[in-house]
Each structure stands twice: as C-alpha cells, then as structure tokens.
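Here's a structure for you.
By written order: A, B, C, D, E and F. Residues from 1 in each chain.
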Amino acid sequence: MKQDVKKGIGHVSIGDSYEGFLLIREATKGLTSNGKPFLTLMLRDATGEIEAKLWDASKEDETLFIAEQIVWVAGEVNQFRGKAQLKIFSICPAQPTDQVKVSDFVEKAPVERERLIERLTEAIFEMKNPTLQRIVRAFVKKYQESLLTYPAATKNHHEYVSGLAHHIVSMLAIAREIHKLYPELNKDLLYAGIILHDIGKIKELSGVVSTSYTTKGKLLGHIPMMVEEIGIMANEMQLEEEEEVIVLQHLVLSHHGKAEWGSPKPPLVREAEILHLIDMLDAKLNMLNRSLEKVKPGDFTERLFAMDNRAFYKPLFEK
Amino acid sequence: MKQDVKKGIGHVSIGDSYEGFLLIREATKGLTSNGKPFLTLMLRDATGEIEAKLWDASKEDETLFIAEQIVWVAGEVNQFRGKAQLKIFSICPAQPTDQVKVSDFVEKAPVERERLIERLTEAIFEMKNPTLQRIVRAFVKKYQESLLTYPAATKNHHEYVSGLAHHIVSMLAIAREIHKLYPELNKDLLYAGIILHDIGKIKELSGVVSTSYTTKGKLLGHIPMMVEEIGIMANEMQLEEEEEVIVLQHLVLSHHGKAEWGSPKPPLVREAEILHLIDMLDAKLNMLNRSLEKVKPGDFTERLFAMDNRAFYKPLFEK
Amino acid sequence: MKQDVKKGIGHVSIGDSYEGFLLIREATKGLTSNGKPFLTLMLRDATGEIEAKLWDASKEDETLFIAEQIVWVAGEVNQFRGKAQLKIFSICPAQPTDQVKVSDFVEKAPVERERLIERLTEAIFEMKNPTLQRIVRAFVKKYQESLLTYPAATKNHHEYVSGLAHHIVSMLAIAREIHKLYPELNKDLLYAGIILHDIGKIKELSGVVSTSYTTKGKLLGHIPMMVEEIGIMANEMQLEEEEEVIVLQHLVLSHHGKAEWGSPKPPLVREAEILHLIDMLDAKLNMLNRSLEKVKPGDFTERLFAMDNRAFYKPLFEK
Amino acid sequence: MKQDVKKGIGHVSIGDSYEGFLLIREATKGLTSNGKPFLTLMLRDATGEIEAKLWDASKEDETLFIAEQIVWVAGEVNQFRGKAQLKIFSICPAQPTDQVKVSDFVEKAPVERERLIERLTEAIFEMKNPTLQRIVRAFVKKYQESLLTYPAATKNHHEYVSGLAHHIVSMLAIAREIHKLYPELNKDLLYAGIILHDIGKIKELSGVVSTSYTTKGKLLGHIPMMVEEIGIMANEMQLEEEEEVIVLQHLVLSHHGKAEWGSPKPPLVREAEILHLIDMLDAKLNMLNRSLEKVKPGDFTERLFAMDNRAFYKPLFEK
Amino acid sequence: MKQDVKKGIGHVSIGDSYEGFLLIREATKGLTSNGKPFLTLMLRDATGEIEAKLWDASKEDETLFIAEQIVWVAGEVNQFRGKAQLKIFSICPAQPTDQVKVSDFVEKAPVERERLIERLTEAIFEMKNPTLQRIVRAFVKKYQESLLTYPAATKNHHEYVSGLAHHIVSMLAIAREIHKLYPELNKDLLYAGIILHDIGKIKELSGVVSTSYTTKGKLLGHIPMMVEEIGIMANEMQLEEEEEVIVLQHLVLSHHGKAEWGSPKPPLVREAEILHLIDMLDAKLNMLNRSLEKVKPGDFTERLFAMDNRAFYKPLFEK
Amino acid sequence: MKQDVKKGIGHVSIGDSYEGFLLIREATKGLTSNGKPFLTLMLRDATGEIEAKLWDASKEDETLFIAEQIVWVAGEVNQFRGKAQLKIFSICPAQPTDQVKVSDFVEKAPVERERLIERLTEAIFEMKNPTLQRIVRAFVKKYQESLLTYPAATKNHHEYVSGLAHHIVSMLAIAREIHKLYPELNKDLLYAGIILHDIGKIKELSGVVSTSYTTKGKLLGHIPMMVEEIGIMANEMQLEEEEEVIVLQHLVLSHHGKAEWGSPKPPLVREAEILHLIDMLDAKLNMLNRSLEKVKPGDFTERLFAMDNRAFYKPLFEK
C-alpha cells in the first residue's frame, strides 16, 4: 500500500508536502481566465479538509474525480487568498486492493458509539414520569440507527458523524448537574426535552455524509416537524390526553428561544428556558473548543459565523 | 316589557340618556380612593360595548351582576378619560319573562350562517386536486359547527360570532379574482390554504363568547397545532406520502409571513406568499371599514393597535 | 442574413452551442491575472441576457464592442462560478444589411402597447370624481409616450419596456375586483393613486434602455418628485384648494408603506393602505411568476433579492 | 388691579401659595370617582404652566373657564403623582379693566423680534449665489409675519412664540463659525438650507398659540410640503432649470438625517449633512439648557423624551 | 408583645385579615380626588411586601409613618387594580419594648452568611494561578463586609440581603461542574471572573436596604467601575504587566454579552462567554424559581419584566 | 538620483505612466490560477496609495519586496475591477545614496506639529478649573510624543500621522465657538473631554505606521482603557475625591453616544452630549472634505463605509 502519511490533512501547515488517501467531498468544474478546464476538489480525511485545484482537467478526469470517490494524492500545501490549498503533483483513484473505505475519512464524535447509547439509556432509566419515559423510549427505538450516526447540524457545531447523539449526551450531563444544584427543576421533563429536541433533524437533513437539507426540511423545518411527530406518537400510544405531551411539544417548539431564531413560542415553562440555555452552552463550547484547538496561545481564532462572527483570543498565560 | 331603546349601545353619543337590556361581558370589583366598594361592568349588545361603574355596590350586587348576566339598565352617557362611560341610574337583572337571550347581545358576522356554509361548499366544489380537496373536506366536516361560530381572533379583526368563517369566505372571494388575473396560481392550493390557515384557532381559543386563550393555545399556538393536525389527518387518510400535504402544511406554517410574526418559515411557495397577502388584505379592510364607519368625514379614527397604532383619516370629499 | 438561432439566449442550457445576433448591454475592460486585456460583455436579446468574455481583446475590439452595439456571435454555453457564461468562438458587429434594430433585443411587457393605453383609458373613463379625473387625465396626457415605454424599475419587477404601464394596468384590474368585494372603498381615489403612484419614475430614471438613476432621482427620489408635480399641476389647473389634491398626494407619498421604505408618512387613508397592498401584490406576483417559469417542478428558484432573499419552491404535484 | 405675584408660575415650589393672573390653555371636564363634575385646567403665564383642579364645577363654571380665557387665581401649590398641582382657593375671569392680554401669558424667544429679523437679513445679505439668495428672499418675504411668530415645534425644543426664527438665527450663527473653520463648505447653500428647512412647519402647524397639526400637516408633513413649495416658487421665478434648486430641495428633504426620522433620502451633499448636524446641535442645546435651568446642581433633570428619554445630571462642581 | 401573626405578608391572600409588625419601606404623601391628604405605605417583612393606604392622614401621621420605621398594623387584604392592598384598621409605631429590629424585616438569601463565606473561600483555595488568586483574594478582603450583605441588583434577581454573595456562590457551583464536563476550560480564570464580575455593584448601588443607584453608578455603571478598580489593584500589587489582568478585565467588561446590554466588548475569550452564560443561567433560575413558587400548578406567573415580559406556566402534572 | 516624478501616486489617472520612489505598505504572496507565484504590493507616498502586481515573482523578489521597504518603480496605471492598479515595468529597492526615508512616504496632518502643540497649549491655558486643568496637563505631558504622531483611527477619518492631535485641535476650535454662542456650557469640562476622549487610542493602536489593534486594544477598547487611566492618574494626583474626575470619566465613557457604538452609558451630562456631537461633526467633515476633493463637480464620491455607505454628490454649480 502506497500510504505513508504522518499527520492528517486537518493538521498540515503551509509548506508541508503531503502524500496519502483522501476522500473527495465535493468536485466542481471551472474554467481558468484563459478558458482552460480545471476541477476544484474538496478533499478530506477524519481530521479535516482542504481545497485542491486539478489544472488542465481532461474529460476523463471529470468522470474519475467525483464526490464520494477516495483518491491517493501527492502534493504540497500552499496558501491561496489566506487559506491553505493543496497543490496536486499526482492523483489517482483508490483501488479495491487499497482497502480504504469512506467511513475512515469522515469526522466522528470523540465518544464511541457504544458509550453514547449507554449514556442515553442510563438517562432514560433515571426518568420516573411514565408518560415522558414511554414517549422518549419510543422515539429512541424508532430512530436508533440514525440517532447514533447523524450529525447535529450541517455546520457550526457537532457537524460530524454521531454529532447528534454526542450533543444529546453532553447536554444530559450538564442537565444532571444543574438539577442537583437547583432541585426545583423537573429532571424528567428536562431529559425528555433534551433527548427529543433535535430529533427532527433526522428528517430535516439528507444523511450522515455530504449532508444537505431535504425539501420537507426546507419547507417545514425540524422544529414543527418534531412537534407533529410527538403528536402522532402520542396518538398511537393513546397518550394524547396527557398534559406531559403538550408541555414536551412546547419544549421542542421553544428550544431556539426566540421567534427570530425559529421558535414561534418563546420558552414559557421553566424547563424549556433551561433546555434552551443548555443547548446554547453545549453548542458554543463545542465550537469554541474545536476552534481554539487550532490556534496557538497569543493568537485569535478565525471568525466564527455562528457566534456573531467573533474571533476568540487564546491567552498566552495558558501555555 | 320595559325596553324602549332607539339605538344600540355601540351608537350612543356623550350626553345621551339610555334605557335597555345589556349583557354583562365582564364584572370587576374595586375600591374607591376612600375605601368604598364599586363594580366596573363591561356592558354590551349586538352593536358594541360600553364601560359602566356601579358605585356603593353591596355584597348582593356583587353576586347579582356577574359576567354573562343580562341586565336592564337606565342611565346617561358621560365621558371619562376621553372615553364614553355609562352613568347608571337604575339596574336590575333580566327576568325569564323578558324573553331576552345571550345570543342577541353579541356581535355577529354581517353575512348569514347559511350563506357562509354555501360559499365554503362552492369553493370546495371548485377544487380539482383530489388530495387537497379530500383533506379540506375532512376538516370542514370535523369542525363544521365551530368553524361557523368561532371568531377569527379575540380582538382587532373579525372578532365576532362567525368571524372565522366570514374571514375565510371573504378571502376565498379575493383569491377567486386574483386567480383569474394571474392564472399561473394554483387555485386549489390557495383555496386549501385559505380554508385551513386559521382553523387551529378553534383549539387555540376558548370559545365563541368571552373568548380567551387555552393553555395549549398559549404554549403551542394555532400555527404549529394546525400543522400537526394536518399531519395526523393525512396519516388517517393514508395521504402522508403526497407532496400536497407538505406544501399545504407549509402554507399554514408560513401564513404569518415572518418569523417575528409567528411563522418559523417565511412563505417559500408562490401560493404561500399570496395567502399571506390576501390574509392581510382582508384583515386590514375589516378593521379599517369598521373603524371608519364610526367617524365623520374630516375626522381621524382612534388609533388602531393592530395597524401600527395609526389613526386613519376619513376624507371630507367623500360626503 | 446569417441568423439561424432556434431559441433565445434566455432559454439556453449549459453545453448548448449558440449562434445569433445579440445586443451588447454593457462592456467592461479587464486584465487577466497575467496582465492580458479582455472584455466582459453583457449580451442580451428579448428573452434574457448572458455574460461573455472576449479574451485577448485588441485596441480595435475595445472600440468595436461597446454598449448598445448589436453583434453576431457564435459560441458555447459554459458554467462559471455557478452561472451560465457564453464562450465566444466568433464575434462581429452587425451590418446595416442585417436589418436588426435595438428594439428587437430588449424585453417587453407581455401586453401590447395598444391594449395598455386602452385599459388605462377605460379606467379613467370609469372615474366619476371630476377633480381626480382631471388631474389623472392631465398627467397621462403630459407623459403619454414615456408612460407607455418606461420600465417600472431598474430591476426586480416589471423591469422591461412598458413595464410601468403594465404594472399600472395590472393593479387597476386588481383594484376593480377588490372594489366590487369591498364597495366601501373609493374607487376613483384608488384608481388615481394607482395611475400616478410611480409616474415620478419617469424623471427618476434615465430612460427605457440601460436604465440608471438621474442625479435629480438620486437626490430627491420619485416619491417627493411626484408629490411636487401633483402640487404644480393642481396649481396650474386651479385645483389647489380641493381636498382631493392633498389626499392624492398622500396616496403617492405613502405608497411604500413605511418610513424605512421611503414613505415619510405611512398610509393614513384607507385607499392609501390598499394602494400599498395592491402594489406589493402585483410586484411580487410579477417577480414570482417570472422566476418560477425558469425552474422545473421539484426545484427552487434562485434567491430573489427583493423578496428578502428567499428561494421559492415549485411543487412537483403541479406537473 | 388685584395682582401682586412675586414669581411666575414656572418658578413656584411645592408648598408656595400663589395669587395672580393666568391663562387657561386647556380645560377638560371630568367626573370624580363618586360621580361629581370637576374641571382640569392647564394654567400658564410667560414663565411656564401648572395643572389645577376645580372641584364641584357648576354648569356656569364650565362655560366661564374655557381655553384662551385669562383668570385671576389664588391657591396653593401641592404635589400630585410626583408633579406640582395648584389647589385653587379662588378663581374668577379677568375683567377688561384688568388690562391683561393673551400675549402676556405665552412663552417667547429670549431674543427680540427686531433682533431676529435683523440677523436673518444680515445672513441673506452675506449670500453671494444669486439663485439661492433670490429664493430665500422670496420665502422670507412671503412668510415674514409667520416666520417671526411661529414656534419651531409643538413641544421638545423652541416650542414658544418666535421659536422658529430663534432656531434659524441660532443655527445661522453656528454655521457662520463652522464655515470659518472649514472653508470648503458652501456657506450660501448652508444658509439657504438653514433658513428654509423648517418653514414648512408654518403650514404643518395650526398657529402660534395652542399649536396642533393641520390635516394637511398630518397627511403630508412639513418636509414634502416644503420641497413642493420650493418647486412651485422656482417655477414662478423661472429658476426651475438651476441645479441650486434641486440641491436646496435635497437639503430640506434630507435634514432629518434618516428615513426612520422622516427624510426619504439621507444627506447626500456635504452641506446637507452639516445642516442636519447643526439642526440637532441647536435643538439639543435648547432642550438641555432649559431643562438644566430648572434643577439644582447635584440633581438630574426629568426624563427628556426627545433625547431618548435620558435624565441629565447637573454637576455639583459647577456651583 | 402584641404580635400573633400566622403567616408572613408575602403569603397572604385576598380577603385575609392581618395583624403584626411590618417595616415601612417607602412612604409617599398624596391627595384624594377631593383634596384630602393620605399616605401610601410600602410595608414589608422578611417574606415580601404589600401596599397600604392610610386615609385622612394628619400632619402627625406624616411625621410618624416614614421610611425605615417599624409599625404594628391590623387590617384586611383587599384587591386594587388587580393587586393585593392592605386596608388598614389600626396602625402605630413599634415601641422599644417590642424588641423588633429592621434586619428582621428584610428578605435574605436562603443560604447562611457563614456558609457563603465558606464556599467563597473554598473556591479561592481551589485556584492555582497565583496572579488571579492574589487579585481575587485582595478584592474579597477589601469588600468582605459589603460582599456578604449587598443584593445582586435592585430588582429582578437576587434582590435581597446577601444576594450578591448568593449569586456568586451559586455560579461557582455551576462553574465547578461545567469545568468537570469540559476540562479545556480554565477554571481559575472562570472562578476569578465569577467572583469579581458584579463587585462593582457595591459602588454602583447605595446600600443594602432601600437600594438605589449612586450618582457615580448612574454616570459610569458597575462594569467600567470594576474594570478600573482591577487596574488600580493590579498597579498596587505590581501585577500590571501580567496578561491575566487584561484577560480578567475583559471577562468583567464583557459579561453582559452585548453592547446593547452594557458590555462595550462582547466575550472574546472562551471563559468570558461561559461566564456570561452561567450568569444568565443562575439569574434566570433565581427569578423563575421565586416566581413559580407563588403560583399553583395549572397557572401562569405574573409577567417577568427581566425575562422579556413572559408569564411562565407551572404544569399540572407536577402536582 | 533617478526620480523625476511629476505628481504623487494619489493623483495619477488611468493611463498615466509613472516613475518614482514608493513605500511598500504591505506585500502578499499569491498564486495565479495556473499556479505561478506573484506578489501583490500596496505602494504609497505622502499623497495616497495604489495596488500593484509583480508577476512571476522569484524567491529573491519575495525577500526584497517586503513591507516598509522603499522601492523605485516605473510602470503604467491600469484599471482592474473598477480600481486603479499600477502595472510594473521595472522595480528595484532604494539605495542609501537615494536619500529617501520612510517618513517622506506617509500621509501627514495638514497642520504642522508645532502649530498643533501650540494650539493644544493655548486651550489648556484657557482652562480655569484647577482639577480638570491638572489632569489634562498630566496626560498631555505623559503622552506628548505619541499624541503628536498617532493617527486618530486606522481608517475612515484622520487616519494619518498626527491625525489624533489634528482631530483634537479642530474639535477645540469648534468648541470655543459653540461656547461663545451658548455660554451656559462649561468650557473647561468640554475642553478636558475633547483633549482626553481618544487618548486611549495610543494604547489601543499599535503605532504610527501600518497601524493595527493591540491585543489589549481588542479585548478592552480605548474607551474603558482611558476611563481606567483617568482613575489611576487621579489617584496618583490625590484628586480621586473630586467630582470633576467622575464627570470627566463619564465624558470619555459616553463619547460614542450609544451602547451599540461602544459607550456603555449614553451622554448624561450636557457637555458629554456636545462632546459627542463635535466629535461626529469634525470626523464627518474630515471624511467628506477628503473624499469630495477627489471627485469632479457633477460626480458622486465612492461609497463611504463610515457614513452609512453613502456616496456624496459634488454639485456642478460650485465650479
């Protein structure tokens, strides 16, 4: 096997030479300013991604180098308009004998799948309210596979394989501690809200890799879709008369916090407000930790769009 | 029978004396600044309402003069803080022999119930798309009685008995003409959206008289509730695979036009945009016509809260 | 004549070859990244427009290929940054013998000029209020030629030859039907407002083709300019004492609906509010219909800047 | 003559007794909570105004004590809901023999009328551009009397007799100095803009005393009305072809600075921007100086609505 | 001793009779609508407060019943404009022999002072960064007494004796748990930010009881005042060269999260963002828990101004 | 010496040839679309700056042509994407014998340094309040050198050598005249506020040439930094008890006028409001005068980002 790469593509620096297998996430045709065809390739492995240009692309290249194809690449990392770009010296499609598979080239949650399902199960087991517990259990069963593989978003936070479950499990851990400090909170309701709040994304998003929005997702959005699903599920389980159902639907409906952010009702139940705050806390820490990891003490991160376009400073004294 | 009133309470002027039957819509106890009990009564008939104070109210008065009670009143119309107030000279509860009933004292749509159902039926009959037609027919059947009696809102526009049906029927008439002028529009989709867009109000609001919001209405709102109901109905009718269902849910979801106004998705289908515009057009004309009717040419109406607090001018040259 | 084009430039697809006459709407000089001169041409016919690059442009090319010149072009349609671009194989200026003229290459209203003037005349004829009718008649006479050729805007809606008259005539048709449904409306006032509301654009915009803003247009805007013109016209006709004049000026002044949108007073007369709504309804339908026409069922349109940057969905079930 | 008042009503303190002539600016009838009629009188002299209640008002009182009537009053200053209120011991209408007249009871600019006209004339005399000078001269001549008596607003700033001229003359003084420091400014244009910018208020407001808005003022506003008047004046003087006219109209149109504040175009000419800033500077200083005059060092003023509801602090060290 | 009250004034219901000692928090003179003097008293004990009116107040009453005076009151709880009001039957000042003191009548944190100082000390002891620890220790020493008695605000959240320390200690507990879940966080920095973030309130607010804003507080606000104090303290401790000082000042400066909320810089350091979120979380839970405690399951709380004026629902199923 | 340039680089037009010395302000490496290295150079002299591309840059070029290097250039001015670009024919680093120095290539205030210090001294000399005068004098002494060389900003207004002092001196001149017209103003306070308001920029910005923001500047900003510095200075001078200090800190704190613009408190003292207005007036005139100087009568300036992106018109009649 040709591979002898030292570090992943997410960790290379300007000037490094690179050799190894990468997955084509996206391939776009273009014309240079003097009319010659080229391909822009977004190449990735489990550690990150990089843009590359394939100059003077032939018709054959256009059919070989397409999205979801794994390729072997040799090249050098240059800078283009302030961002790293891979200059390709040599590229060819991976062969069956290379024994590489797509799932090796995507980013995954830093927690194992087994551990995620275990923690989710523990939380459901802690719940005492039978109505809430039954509904949550039904949804986890219905969507188990997707729940364990879907990302929590297409970008910004937890945008990796199992990101959805990772986000839920982190939020449950925060909720458990907040509940200990403020025992007035209804833990069962908070847990139920956390586990179900983003499950609508399974129908809003197209899948685990190269994730985009479905037409239904664009026209309705995951929040109203999940409110509807809870209603249908409650009907099937003959729980539609229980107040827990309405309050749980309210938690899902209001978890974006404001109308402008997609929640037609703001949180009007204590646990709805706390669900919204825990959701923000975990999403922001996920974004911040991953961005700060990439910069040296004394530097600022790149601007984070989902955090009001702020660039964050990593103090020197943390060295 | 004691009654000899010339004009309804909605048409009296400052200085008029008044005698007649009125319905107590609301009764609140108070204390004067020197500690004496009094009752504030909101009194109404089919033409409008007026505030009245019952001074030195006895304990018996407090049990006699309560909401939903019809009373015979004699008094004089005074002005208090810029608004008309009825000074009560004499008041007593109506007797069975007076043969007055609550339904005579509430405002009603200016179109007869039979005419409303007839026009609604015509519109459904015009529809050609079987999926849309079946869903609409199912909802009209399910909610027929409420649909024909509910107001369209608690205040601002069509806030009277049969206001919901009146609003729907007026919108259908506009839609029919707009469709003739712009035949690219899908009339069936537009009709279906118009008929269903506010049906969620039947569960959001408490009833036909003294209307308030239900707890479910406050926590979820009529828009997500109706999106959910369409989903459940489509499941029952085995239409859940039809694209019409999603698009119809989108029309309902987006009919307030903007996130800040309660639609988590803005209109993203042509007919959704037009539904929103026709809804505004009919609601605004209903408010404007009823307000302008109360003022003389050359004057301004009172400020209309739901129209950005504007006061509208009635030109003199219209005389 | 060399022409044998099958379809207009507005209807070509990526990969098509193209041959035919086109009008240069705009020509800009540029330098490639290695310093060679080229021309960027915006080429159009009556069906739409396309960008083209003329590489290695000589000094002579720069004088030949300028705005308002008709050219014969042969080339192929490619994609560049997600948009269609014409790759030019051959280009030369049209000759007198080709018998092509500029007016054949601009987009026109889908309604004939004669039909537009006819409908406008009918509407004026319907009016009964002599003051309003006289003012409207005077303006239509004064600006007749421009009124029948100007676009309604430089972009977004009705941005084609006779767009202004087309917009007015469509709005009159809606107004006629709305008036039938809500007879409280003053039809004469509404008609007068519709016909005059955008006539200020004749002085705000530079002309029918390659339309831009005049200095006066930039400094004052069509709304205050038209309010002023109505005042001057009323003076000349000795109508300055009539209340109709002020109310008509108010309709023009307020027709954008809000201060932020250029109306220093919001609508404060019923017909002013309705004028604003009908204006939006017709403008939006014009934009939506023309955008949706370009996409297939199941797809979304490009983002429409003037509609809050939304992309609209064309349902599959409409097929 | 009965009068022996020491200080004006604008300078009395809680607990003071008061005796003297006052003008009734406004009289409103009311009913006490136990149904007895009373009058609320807004009483004023040249130094300020105070509210008073006349309890147990007879029918005769209601006809005697009306707006614009001068009365002799004896009473005591009390506090009511945090504001001073005059408790009336005795009140009677002034008699012809009292030789008091309305103009003695209204607030006036602190600069004499003769001095105002003198300074205005000086400024016009300084102007060199004949077009601008002629237009300004024509307006000053046309409106001379009103210009010298109107307030600049109904409230907030310069809301007193001759307030409009006082505001203009103060702005001219600032402009003269700013022009010396920044000689690039076109002084003639700036002067013309200052003199004309608020003249539209003469038609927007109803008059000098008890000022309210005219119907035309409410429907059009002083800005578009003045843009129109300049156009008409330029036509009459055959100056309509001069660019100065458009630019001057732009200065008037844009002097509120932003669309939300009533200027459909923001300042797009240097002198328009400076006009806007000088207008704000003078208006704000007028408000601040008059509010701070009423409080002691170490205190805050009442909240000033027109200055974003701020209360301003008067430093102690200024003593 | 006369006292035999069963429940605190914060727990009485409409219709209850009441007898006991209360503290006058505020006393305001007024006049009834027929000119008679009365006193409005805000009366409180450790459980809450109630408004009362003392009718026909004599000059002596006005000097007896003033702020900070403890009184013995007998009366009945009535309703006035939707709020509870105490109708006074009998009132007299407390006597020395009654052995009641002001500190018994104010609300206190639900955690003992000793426990608060203990937890604060523990947190400082956990810190490892010497610069941060020294600064925090210096401030806790400098302000110890105030820190343990001041409220965290004049209203909305933790507005009671020791509220500031209670808020800090609760936030430290949350921070400790969040840090365990996200060990990337710099705990020392977060602790230092939490302990110091609101200490500026000690100079912004006037004191522990009847708290208002100081002039310095109104002109500068607690955030810039504390940034300055940290600078001065660092200078005195010769730590001004340490980066920790700037970053700590940044945490204090940015802890309101947005410019509109009083932070001229938004959080630009990870721990600053988390400090802001923990501050919101604890403040909101404090408000929510105290409001919900006052209502029955199935009801909504009153509107909470500091939470966007929302009324929160207490679910029935929690019973 | 090789130089024979006629006009500065800020005054060249498209098509001009150019020869002369220029300073490299910034140099960035890039790759052409076919992978060849080039340098983008921002070149400047005292009159302005221009972009240039150096094609086929060698490794040696990359080390020779770096920021702060002076070079001799021959070339031609072309247009690229609507902006002027220098096409380089020949370029070489300046030699010691060329006797050119960096300070000759930067823009400077149009007023001499000696004149600036003289006017500043005069203003301080005019001040009578000893506390304010002592503080101002101390700061001017502490920062004298930086105060006379720093720009007032990195872009938009007074962004040149000595821009800070130029801005202060211009504002003092306006303040002197405004004070004459409105003698109620406290001139000493206004002067002190003007002189100190932006001194925090000396620590917020990195230096005089190639100015950027310091880390401390990014985390705290010049406003809180200066409030802190005044506090420290007052402590050192034992003036911390004087009210002047707080009020002066308030002037600095509030001089941006609104929370959204970086002032956590809005102006709450008369002189603070006027400081804010004079700051805007001088900054805007500086921007406008310099932009309008570059365009011909009848044209519009480029869009000015700091003035709400407006393009300003230069009237023709000013010719």
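Note that a contact is a pair of C-beta atoms (placed from the backbone, for glycine too) under 8 Å apart; a residue touches a chain by one contact, two chains touch by 3 or more.
In this text the structure is predicted, and so the values were computed from the model without any measurement.
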item	value
Shortest path length from chain C to chain E (each step joins two touching chains)	2
Shared interface numbering between chain F and chain A [over half = same, under half = different]	different
Chain of greatest Cα-centre distance to chain F	B
Farthest chain relative to chain C (centres taken as mean CA coordinates)	E
Chain centre separation in whole Å, for chain D relative to chain A (CA means)	62
Centre-of-Cα separation between chain B and chain A, whole angstrom	46
Distance between chain centroids, defined by C-alpha means - chain B, chain C (Å)	41
Per-residue multi-chain contacts in chain D, two or more chains	33, 215, 218-219, 247, 268-269, 300, 313
Chain contact topology (line, ring, star, complete or other)	other
Which pairs of chains touch, using the document's own definition	A-B, A-C, A-E, A-F, B-C, B-D, B-E, C-D, C-F, D-E, D-F, E-F
Contact footprint of chain A on chain F as seen in their complex	29-31, 33-35, 215, 218-219
In the complex with chain B, residue positions of chain C that touch it	129, 131, 170, 173-174, 177-178, 180-182, 184-186, 189, 242-244, 247, 266-270, 273-274, 277, 280-281, 284-285, 288-289, 292, 300, 307-308, 310-313, 315-318
Interface residues, chain F side, partner chain E - complex	215-216, 218-221, 223-224, 227-228, 231-232, 235, 246-247, 249-250, 253, 259-265, 268-269
Complex contacts: residues of chain B adjacent to chain D	32-33, 36, 38, 53, 55, 78-81, 85, 87, 298, 300, 313
